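Heads up, the next two complexes both have chain A, just with different partners, chain B and then chain C.
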Partner chain A sequence: MKKRIPAVFLLLVILAGGLVLRVSRYGYAFQDRGAIMAPSTAEHWTGTDELGRDRTVRVAAALFIGLMGAAAAAAITTAIAACFGLLAAFSPSSVAALLMFLSDGFLSLPWLFLLMMARSLLPLTASPLETAVTTFLVLAALGWPACAHAIYRGARSLRSAEWMIQGRACGLKSRQLIRLHIVPHLRPLLLPQFLVCVPAFLVAEANLGALGLGVGEPMPSWGAMLLELDNSALLARSHWVYLPIALLALLLLILESFAEVETHA
Partner chain B sequence: MAIAMRVGRSLLLMLFAAAGTILLVRFAPGFFSDSREMDARYAQAARAEMEAESDQQQSANQIATQEVKSWLNGGFGQSRQYNVPVAELIGARVRVSALLLAQGILRGWLLAVCAALPISGLRRGGFLWSLPFTLLLAIPASAMATACILANAGGPVLVLSLLIAAREFKFLRSLLEGAWRSPHLLQGRARGLAPMVLVRAHIVPNIAPQLCALATLSIVTALGALVPIEVIFTVPGVGQLAWSAVMNRDLPVLVAVSLLMASVVGFAGMLSARDVTLEEA
Partner chain C sequence: MRRLLRSPLLLAGLLMTLTVFAPCQAAPRQPGELAWAIHYDPKSFDPAKVDDEASELVRYLTGGVLLRLNRQTQEPEPQLAESYRVSPQGTLIVFKLRDGLRFSDGSALTSADVAWSLRRVLAPATQSIVAAEFLAPGEVTIDAPDKLTVRVHLPKRVIAVGKIFDEIAIEPANRPSEGRVTSGPFAVAEYKRDQFVRLRRNPNYWRRDGAGAQLPYAAGIRLDIQNNREEEISLFLRGEYDLIDRLAPEYFGILAKKSPQSVRDLGASLNTEQLWFNQAPSAPLPEFEKAWFRNRGFRVAVSQAIHRADLARIAYDGHATRADGFISPANKTWHNDALKAPHENAADANQMLAASGFHRGNQLYDSAGHAVRFSILTNAGNAARQKMAAMIQQDLAATGMQVTIVALDFPALIERLMHKQDYEACLLGVTNAEPDPSSMMNMWLSSSANHQWNPSQKTPATEWEAEIDRQMELQASSPVPSVRKLAVDRVQQIVADQQPFIYLVYPNVLEAVATELRGVQPSILSPGPAWKIEWMRRAEGGR
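Right, the complex of A and B next:
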């Protein structure tokens, strides 16, 4: 039951976003030059930004881009962490210590700072899609150490399990042991790691975007939406400018509750 | 021996950060881009000079050698953007950032401890009392800073404190909940020992190693939050310098700032009791 509440809320948010994109006449990049910084109207339900782009559509598109990007990055990061953790767990102790030192080094460095640096080193002419893909790939590449530690510890405990010893005694190869025994046993550990990464990546993207280093315009993103709050003329005209920040907080709350419930399940 | 191990580990971490930064910078797709090339104020001759200058730094080895030479000279090289020694640039900003970090972390911890201690002891209603912290966790640092500016209330220290408090509250609460449930604490409570005595004599000594590791993590969290906070509140600190270096591809400043960050984290890790790893905290 506890699991279902955040899942239902998440589904509702996604459905609402999908419905907006389906029924709206405008694309996220379409600029209505006759309705620049418009307040809420029948045509633009939550008004427009300083370029005349429909805010409802942009928020809905940002929701999908953010969720898909963060979910893909979380899947990649969990996969990297699983490989790294398993490699360390099944290596000799000196190799494992070295691998865990590397991971600890990554874990100790300020994440956003690394992200900012990696993201800034893209070519100046990168397209919006390239910036979006790179932003989430960089997130995936830098987010694995925390998960790798958890997986390493999980795999270490499995390594000495009795059924593993029996498997080895029966002549199963390491690859078979990992595929048939370790991965299914690690699944309850991998899912929470994935769910924890999704909101963390959304927050990181929002922070990067607010610094002008996230997904490139005109593609909508939470970070770019937060930049709207710097426009005092927009703020004076409509309270709908606060919609992205309110929706982002709601989404993060849902995702964090989801991860919390799954972690304690 | 343990101290030597910690010092060695911190030095290795710094070396790792420096090598990582140099490799990242060298093999980044935008390594050959220089934002000054798009600045119309530079004359053709100046552009040619800049091109020749960047041509000299083609391999990671050359960059590393140059960096080491400049560290040995104590200057950390010359900033591309400001054309002054990097050490001079960073030196002026370190104090501002250090003060902000110290105030933010101290106040954040104070808030987290004051809230987590009574809430962890509750049998019911803990979820509701923790809700403000859960909400704070769901707000990105940049959004919180922008909200403060719009509301004309609070400043960088408040935002940093709230961020640290929200994050540490979660860990502190689960640590304290575990501690309250331990058998010797139950016996102490049954014998009528005052809560403050229990906290001072039993809980704090038991969770001290985890608290130290958490404190190290707080520094890492605060350093990460420093950039958006300093940029949005226009605080002239290291975070703002890092952002400006990133925007202008000022590589010597980037390498120096990443080394500084790694040194701070390495030093904090060295001071904290590392019997407990960061992950275990």
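Right, the complex of A and C next:
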């Protein structure tokens, strides 16, 4: 039951976002130049932004782009971490030590600056979709070392488990051992890692966006929308400017509760 | 939640968010000091090498000049020169210096210093932008027959004498000091990169007020390097700053509500906002892209597709006027009232593109089948420009062009524009310091490094650029006002026909001046409210 509450909330948020995108007449990039910073109306439920773009649609689109991007990046980073952790766990101790040293070295890099550097190396003509994909790929590529450590420790304990020895004695090949025994046993470790990464990547993208290095305009992103909060002129004109940060905070709480419940399950 | 805070990504994110939205703090104000913000570090304190606005302001505040252009009457007024005389042919200018002039370090200022400073500006090694305004700087000779007389021999008549000498600061001969030893009202006292430039009063400044009191009144000036407009407004409202020059339009309404006496809309400025395409042969762009940008039909179609009235209304909250040419209607003497600019219409734009070899599929393609997609660079931190870029992105999408917007910080932008020429299109503004078109020579002459769409040409790349060169040189050398006007009108028409710069809007001059500040006189010309700096001071009781 405890596990279902955040899942239900998450589903509700996603359904609401999907409904908005489904029923709205406007695309996220459409500029209604006759309705700049419009208040809440039947046409624009939460008003429009400085360029007359429907705020509800943009928030809903940012929700989907952010969630899908963060989930995909979290899946990739968890997969990389799993591969790295397993490789280290089932390697001779000297190789394992080297791999973990590499992972530690990677962890100690100034990742935020690397992230900014990698993102700024994109060609100027990169489309908004390409910038979004690259942003989340870069996050995935830089986020795995912390997970790899946890997985290494978990997999290390599996290596000497009795059922592993029995599996080997029964003639199971390595691939079969991984599929039938290791992955199911690591699942309680991998899923929380994945769930922890999703909100972390959402926040990282929002910060990159606030620095102008996230998803390119006119594609909506949390970061670009949060930038509106840095403009007192806008804050004075509409309270709906706070909608993206309120929704982002709600989303992060839901995702974190989800991860918390899964970790303690 | 504990876990949320333990995550390094999240923690860094939260820290960054706190940094971005942290309250601002200005450096402490020294007694009698004026303070306001500039938006980036001056690139050079050497007055002869100024080529950006921040450095120009520092030069204005520190540099002593022979003549100063009155920002209201637009007439030159003698400064270090007590008087000057131009020969009937316009090829000899004789300056008579004031007696007893001194630099800020107490050393005497003589004609030798003036001659040295002028020669330094004219020397090719200095690469001074002002030199181009002499038309043939290599042929200018200077002599100083006595301590108070300087003669400038010109190979050709130069019209805007007041403007040119307004930009040449007189420094001690053979002792260039990057603004630390000056003959102007202030001298550079301290510079902290990314923080502030502090100027102190020149105790030996030549000028006194009617009662005989030494000018300037202010003990010093602190120019904070402040790229965040939000913080600038906040510091102004807290009384930490005395003025805001070129107030961003979105804040005009807010300040007008909170402090109606402090804000002023002076109407259309002489400045322009424009979009241009990179036509430089050396640009590291594919040849097919260069071919688009050199195609007049392509440029005209882009111009036709842009809704300028929307740009003025939305990006500037109505504090701007749509633009067709490089001379603002505020410049009544030189604006071409009969200018014929391309008609703004999306259907006409599509027709023009079709006639120029482009065709539509699900997007726009050139005749070789390349999809038309390019990026528009603009500077980060300028909300109006970023809004205009987003609106142009949508306007051009109606023609099938795919545009991406890239906002870079100013130094990175200048690096791409001026040095690497690694960009496709750029949206920026030009600040016109004075109305006379002679001051725009460095932008229009094809040989100039500031001829942005194709700089430093050895010979004009096109016939129409050659014609612009001829007409600009004619207007700069002819003593007959009607001939000059005809030449400038012709240049305006060529530019409207060819659209090397696609003019968007003329922003209005918006400024905010603290109610405690005295001695301020409004002007639409740069440096705006600070042009009478010698007379500016805070009222008694002001912080």
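Note that in this section the second predicted complex is superposed on the first by the 263 of 265 C-alpha atoms of A that agree within 3 Å, B and C clash if a C-alpha of one lies under 4 Å from a C-alpha of the other, contacts with A are read in each partner's own complex, and residues count from 1 in each chain.
The rule is simple: contacts are C-beta pairs under 8 Å (C-beta built on N, C-alpha and C of every residue); 3 or more make two chains touch, one makes a residue touch a chain.
Since the structure is predicted, the reported quantities are computational estimates derived from the model, not experimental observations.
Of the two partner chains placed around the shared chain by superposition, neither chain B nor chain C is touched by A:Pro188.
Once the two complexes are laid over each other on the shared chain, residue contacts for A:His149 go to chain B alone; chain C is not touched.
Contacts of A:Gly18 after superposition: neither chain B nor chain C is touched. Contacts of A:Ala206 after superposition: both chain B and chain C are touched.
After overlaying the two complexes on the shared chain, residue contacts for A:Leu102 are found with chain B alone; chain C is out of touch.
Once chain A of one complex is fitted onto chain A of the other, the partner contacts of A:Pro39 are absent, as it touches neither chain B nor chain C.
With the contact threshold set out at the top, residues 111-112, 124, 126, 146, 199, 203, 206-207, 210-212, 226, 229-230, 252, 256 of chain A are in contact with chain B in one structure and with chain C in the other. Per the touch definition, chain C reaches chain A in the complex via residues 1, 3-4, 7-10, 12-14, 16-17, 20-21, 230, 233-234, 250-251, 253-254, 307, 310, 313-314, 373-375, 377, 380, 383, 387, 390-391, 393-394, 402, 404-407, 423-424. Across the interface of their complex, chain C is touched by residues 29, 31, 33, 36, 50-52, 111-112, 124-128, 143, 146, 196, 199-201, 203-204, 206-207, 210-212, 216-218, 226, 229-234, 236, 252, 256, 259-260, 263 of chain A. Within the complex, the chain A residues that touch chain B are 101-102, 104-105, 107-114, 116-118, 120-124, 126, 146, 149-150, 153, 199, 203, 206-207, 210-213, 222-223, 226, 229-230, 235, 245, 248-250, 252-253, 256-257.
Chain contact summary for the complex, chain B toward chain A: residues 9, 12-13, 16-17, 21, 24-25, 28-31, 33, 35, 38, 134-135, 137-143, 146-147, 150, 216, 220, 223-228, 231-232, 242-243, 246-247, 249, 254, 257-258, 261-262, 265-266, 269, 277-279.
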